[in-house]
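Sharing a structure below in structure tokens format, with a few things to ask.
Labels A, B, C, D, E and F are assigned to the chains in the order they are written; within every chain, residues are numbered from 1.
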Amino acid sequence: MPAVKKHRIVDAITLDSIMSKLSDSKRTDDRGLLDYRKIEIETNILKDKTNGSAKVKIGDTEVWAGIKVETANPFPDTPAEGVMTCNAEMLPISSQYVEPGPPDEDTIELSRVSDRGIRESGMIDVSELCIKEGELVYSVYIDVAVINEDGNLFDAVAYAGTTALLQADMSKFTIENDEVKMLEEREKLPIKSLPISTTFAKIGDKIIIDPNADEQEIATARLTLVTDENGKYVSAQKGKPGGFTFEELKEISVISKEKGEEIRKMIKEAVNNGA
Amino acid sequence: MSENNIERISGRAPDELRNVSIKAGVIKNADGSALIEFGKNKIIAAVFGPKEVHPKHMMVSNRAIIKCRYHMMPFSTDTRKRPNLSRREIEISKVIREAVQPAILMENYPRTAIEIYVEILQSDGGSRCAAINAVSTALADAGINMRDLIAACAAGKANGQVVLDVDDQEDKTGEADMPIAMLPNMDLITLFQLDGNLSKEEFDKALELAKIGCNKLYNLQKDALSEKYFNENNKKEDEE
Amino acid sequence: MPAVKKHRIVDAITLDSIMSKLSDSKRTDDRGLLDYRKIEIETNILKDKTNGSAKVKIGDTEVWAGIKVETANPFPDTPAEGVMTCNAEMLPISSQYVEPGPPDEDTIELSRVSDRGIRESGMIDVSELCIKEGELVYSVYIDVAVINEDGNLFDAVAYAGTTALLQADMSKFTIENDEVKMLEEREKLPIKSLPISTTFAKIGDKIIIDPNADEQEIATARLTLVTDENGKYVSAQKGKPGGFTFEELKEISVISKEKGEEIRKMIKEAVNNGA
Amino acid sequence: MSENNIERISGRAPDELRNVSIKAGVIKNADGSALIEFGKNKIIAAVFGPKEVHPKHMMVSNRAIIKCRYHMMPFSTDTRKRPNLSRREIEISKVIREAVQPAILMENYPRTAIEIYVEILQSDGGSRCAAINAVSTALADAGINMRDLIAACAAGKANGQVVLDVDDQEDKTGEADMPIAMLPNMDLITLFQLDGNLSKEEFDKALELAKIGCNKLYNLQKDALSEKYFNENNKKEDEE
Amino acid sequence: MPAVKKHRIVDAITLDSIMSKLSDSKRTDDRGLLDYRKIEIETNILKDKTNGSAKVKIGDTEVWAGIKVETANPFPDTPAEGVMTCNAEMLPISSQYVEPGPPDEDTIELSRVSDRGIRESGMIDVSELCIKEGELVYSVYIDVAVINEDGNLFDAVAYAGTTALLQADMSKFTIENDEVKMLEEREKLPIKSLPISTTFAKIGDKIIIDPNADEQEIATARLTLVTDENGKYVSAQKGKPGGFTFEELKEISVISKEKGEEIRKMIKEAVNNGA
Amino acid sequence: MSENNIERISGRAPDELRNVSIKAGVIKNADGSALIEFGKNKIIAAVFGPKEVHPKHMMVSNRAIIKCRYHMMPFSTDTRKRPNLSRREIEISKVIREAVQPAILMENYPRTAIEIYVEILQSDGGSRCAAINAVSTALADAGINMRDLIAACAAGKANGQVVLDVDDQEDKTGEADMPIAMLPNMDLITLFQLDGNLSKEEFDKALELAKIGCNKLYNLQKDALSEKYFNENNKKEDEE
């Protein structure tokens, strides 16, 4: 049964340091409340076995994403639509707090929130992932590995997954005499939008962005908000056993859009530079 | 809500809830329980505890721990659901636990566990919000010390219009769903999710609508609890 | 490995009370050794998502059953037969002794005995559940949830499952030009018999019927015996680590038939009233 | 059984068992064991214990606990069986344990576990009864204190006739199968199951037939145990 | 996670006895360092439900193997090849150190090494296990049960599996008008070679063959080497957390071939006698 | 290797390794770590410990216990790999653990656990050997006391020729693959597997070739470790 699990231990000195800095509206690494750590994005890092890949670092948090595009039978109720699956995995190399084994509730939440961000934004047009209606469609797997954990996995996983999708390509198929044939050519995935995730945390009455692992641990509440290229809100998830006021939510919704635009530029640039 | 609104499939006004009924104390073997009917949702929540912690290593010395399981019966959905817990059920178990935990005075019950079980017997849109209202009522019915009740309700967008409490049928063509739980007296939103597509203006409007819905649910919970209390006292008097 | 598990605790006062009453051939609620508690049956309680449903209370024991009729491929060795599955689930709301998780051996036994009672009695004519031989058949799922546990689940689950089956209906299909088409009409399931389960327990040398949870716990042996409308014995299961004498078994077999007829009437009445 | 009977597919008389042979002490590493061949059934039962209890919380202070696993090898059935334990195997493990437990003087072994393992190497009709006879012999071979041996045999109905010990082939067209285990000296029936269709008269007759079968199995177990004892003593004498 | 598990306990007296005998180049049962214990092979022991079967004893180690030949769809990438699966199971009757439940890493290794020995030697010609290309092939299951454990399971499982394969037969099929039909006749499996496994262990600086359970437990390293009828090495697996020198490996490779030829004769004889 | 050799698909000489690069200290949160690129293999190994043992009953009083998990990411293979641990991964986890354990001075760390995690991010032929070199480097990077580094490399047969370090492409038509791990200074082979078909002469030649390969890998590990040490000291000086 999903339940309380062992959590990261934040020692008293770290706790004091975070709190005293916050009272000056600063973070332990001296960034502001609403500043991201340094974001580094690299594409095509696993070029031999994937259709697309990306490495993203946010501070000391590091994740790798790989895209596999395979073919599959469509689901009976959506015969003309391809399939998309996003899955995040916490590797035990990433932290002493991660145990190997089947995903715990935190990892399941991480996977499902990442999946929804991509799905609900309509980033991939699944109707263009149909090869032969009712028979064969593309199946796009987005797998993201957490390599080193220092907080804000929701954003890191989202950035790596979407960057890898932007970089990916796939085989082209044609239908001749009712038979599916694979062509030599390759094509890009049918990308329609680039959703950007932004994650906030609440410590005391302060709202911060991009929490590191210690901040995340002591925060009472976390909020991930995803916006698309048209400035629409497409997905959100509150986490941790605490809450936000209505005013805080409205404030966060404004900042999320601003930060989202900055990061969207960074990702596009990284993909263009890598290509 | 005096604007010129488009008619909803259900015929409801934009800020109108589905029919809701809550009954406290429906499970004899549980310490607290409630049955909620919320549209076509039929959900029982039951609370056991404060009780001994198993396994022992999960015990916390200065407060209770909260366990929560959200579970759908195989016959509760359009297509039969396989009996094992899905990833969706595991995620919802987590967000429900995190939504109700801030209301519980956990420090009053050190070294114990409070177990919350949600059983979806018939599902409709908004089952997680419906469930939270049942859980809140069941916690109060169990006599657990609480800062506030937890009220939950979703707002969303259907047919181009921001509306309260999207049901299954609206959801199929719906553009957005935003379930919210809150502690009304503390102005604290403890569950917040969104899937869909909302502009900034719609986002703010949906928030306001959801708040209205939560307040209604808050009162329905109080009614259910006082009805049970009243009935029990009546029974006792009758027996005397 | 199936093994001894934690059992209900019956305190000394309850135990004394049960034993002293039994020595007067009475039960703690003053019913006789061979009296059932009050049985309440309600149909069509989950009308929006099931094909049939029923709630059964025997004293404080409460179970809910829901029928789902879906279509499936037949098994290769029975191409002209539909499929029937009966499954009981112990919900953790039903008792402090029930843990959430995969079914333990007691629950597996409960499911399998309920399933056999329906199957062996020929209650459902599976040959009439064929839509198109070798291709499409009806698949009938009988799922029963234990909502509150106070003993005698074998009977409660059986009554709820069979009542829901009697009340259920299903889509009608026709075959046009070799293609299966669903009709607007609905029809009842092909019910041929109404098996009735009766459950006995042995405490000391007393045989009682319809044991409550405490009686069941202290009993040395349990026997569930199922009879059909023609007075035939169709299924039986002894439980608990003790035994019955031959004489006791013969005595039980007589009572089972009598009680079965009474309860069969109650169920039919409840279904007729509900329709 | 002097009535005018219909011939059985097997050519057996209505009250005739299949060929049965039991051999005690077949597994060197076990504390007790037996191999039974019962028609085409080939089954080994082995007993370990009394031994330490794992996990500890299952220990009972005033008696032994009994564990039992009934398991079929993938090659034991007509179609290959998947290796993991099926629900059927879990149920049969339980009914076997509950059938033999009343014979064991558990209070003689407080705070210990007695483990019983049944391996079906080749299956035929009536494997659970065959298994119980092997388990009983293995328990005795292990020197576990017992009130009585446990003898098991099924009666049933095939071709319209009540008969003893229905085999695989009869079972395919059989109308009923009623496996029974008993402690013969205590007139106690400790396993009782039925699937099929029996009138009251047939039910009583099947009970009587099963009793006859159990008595035969009881003697076969005793023979197997004394043969092993005799052989061992002979060996010892030879060695002296 | 695969990890250290509870191991057999070898008491001090047994340990002393093994070591002192070894210093005289003897074993506790007085055989030489490179002598096998008595090997007994019996075929066709499970004739009613298997396609082939064998029982093998090496000293007190006893295993039973059963072959099931079924039909299946071929894998998409090998449409004209049959399927072969070898699986070993440690029955809890075989030793107090074996727990019932899913296979642990030792059992998985045992299964996989047995499987590779048969597979890599080309013992079965999978191309002759095709019934109808792309549609129907034979699927050969080799299941081996460990009945009593006294060391050297790698060899015992291999001998039982290969002996049962040699003895097995299977249904014959023909294709008429594009339809598969089963014939009355039966035929032997397409056997091309008889690989023989030999297993060595290192205790101190002594290399022994066919270790019993106690020797195996105290050994620092184990090596299983499989040779085919042409004297080729087809499979090997080192086990246990220790090692061999290059010289030791070369020495073992010579002995393995010699012993393999002896045992190959024994197996062939047992199969001929049994047929 | 001056014989008249057949050309390899890769263009490599028979005793030529693929391109290998090793980098120590790539995972900040681990006690030791290394990234190896070995042909197309991309593998990270990380070491945690010596640390507390969980569960406690696995603790050994006079030495450390070693845990090891070899795990492939779903995107690391030609066809997407399902996320759960396969039987192949479980076996390789075991042989890697048994290959590196003899190098670790376990008795220096009584009552602790040393955890080794191998993550295959991109796979090619010889991933288990590549992994062992990364593990060895990571163990040294973690400061674990060792008797020797563990070097690993496969030899095999492809196109009728005994060659060093068979890659994915050669393996498809390859006749044999023989992965080896050794403690070079102790002349001890701690991993040894073979699949394929080798004559006695080829077997001996493959052994010699693998030894040559292991020695190269041994030096590459040392280079990686000294580079990290050198860089860290440089950084420290810069900071002073």
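Heads up, the rule we're going with is that contacts are C-beta pairs under 8 Å (C-beta built on N, C-alpha and C of every residue); 3 or more make two chains touch, one makes a residue touch a chain.
Worth saying up front: this structure is predicted, and the values here are computed from it rather than measured.
Chemist: Comparing each of A-F, A-B or B-C with E-F, which pair has over half of its contact pairs in common by residue number?
Modeler: Among A-F, A-B or B-C, the interface that shares over half of its contact pairs with E-F is A-B.
Chemist: Of the pairs B-C and A-B, which shows more C-beta pairs in contact?
Modeler: Higher C-beta contact count between the two pairs: A-B.
Chemist: Just curious, how far off is chain D from chain C if you go by their C-alpha centres, in Å?
Modeler: For chain C versus chain D, the centre distance works out to 28 Å.
Chemist: What whole-Å value do you get for the distance between chain B and chain F if each is reduced to the mean of its CA atoms?
Modeler: That gives a centre separation of 52 Å.
Chemist: Can you compute the centre-to-centre distance for chain A and chain C, using the mean CA position of each chain? Integer Å is fine.
Modeler: Computed from C-alpha means, the inter-chain centre distance equals 48 Å.
Chemist: Taking the mean of the C-alpha atoms as each chain's centre, how many Å separate chain C from chain F?
Modeler: 58
Chemist: Residue numbers in chain D touching 2 or more other chains?
Modeler: Residue numbers touching two or more other chains: 69.
Chemist: Would you mind listing the residues of chain C that make contact with two or more other chains?
Modeler: Those would be 1, 100.
Chemist: Which residues of chain A touch chain F once you look at their complex with the stated criterion?
Modeler: 46, 48-50, 53, 60, 64, 66-68, 70, 87, 89, 91-96, 100, 102, 141, 143, 145, 147-150
Chemist: Mind pulling up the chain D residues that touch chain C in the complex?
Modeler: Against chain C, the touching part of chain D is residues 58, 60, 65-69, 87-88, 90-91, 93-95, 97-98, 101-102, 178, 182-183, 186-200, 203-204, 207, 211.
Chemist: Taking the complex as given, what residues does chain D use to touch chain E?
Modeler: Answer in residue numbers: 27-30, 33, 40, 42, 44-46, 48, 51, 69, 71, 73-80, 83-84, 115, 117, 119, 121-124.
Chemist: Which stretch or stretches of chain E touch chain F in the complex?
Modeler: Counting only chain E, the residues touching chain F are 1-4, 105-106, 108-109, 111-112, 116, 120, 220-221, 223, 225, 228, 231-246, 249-250, 253-254, 257.
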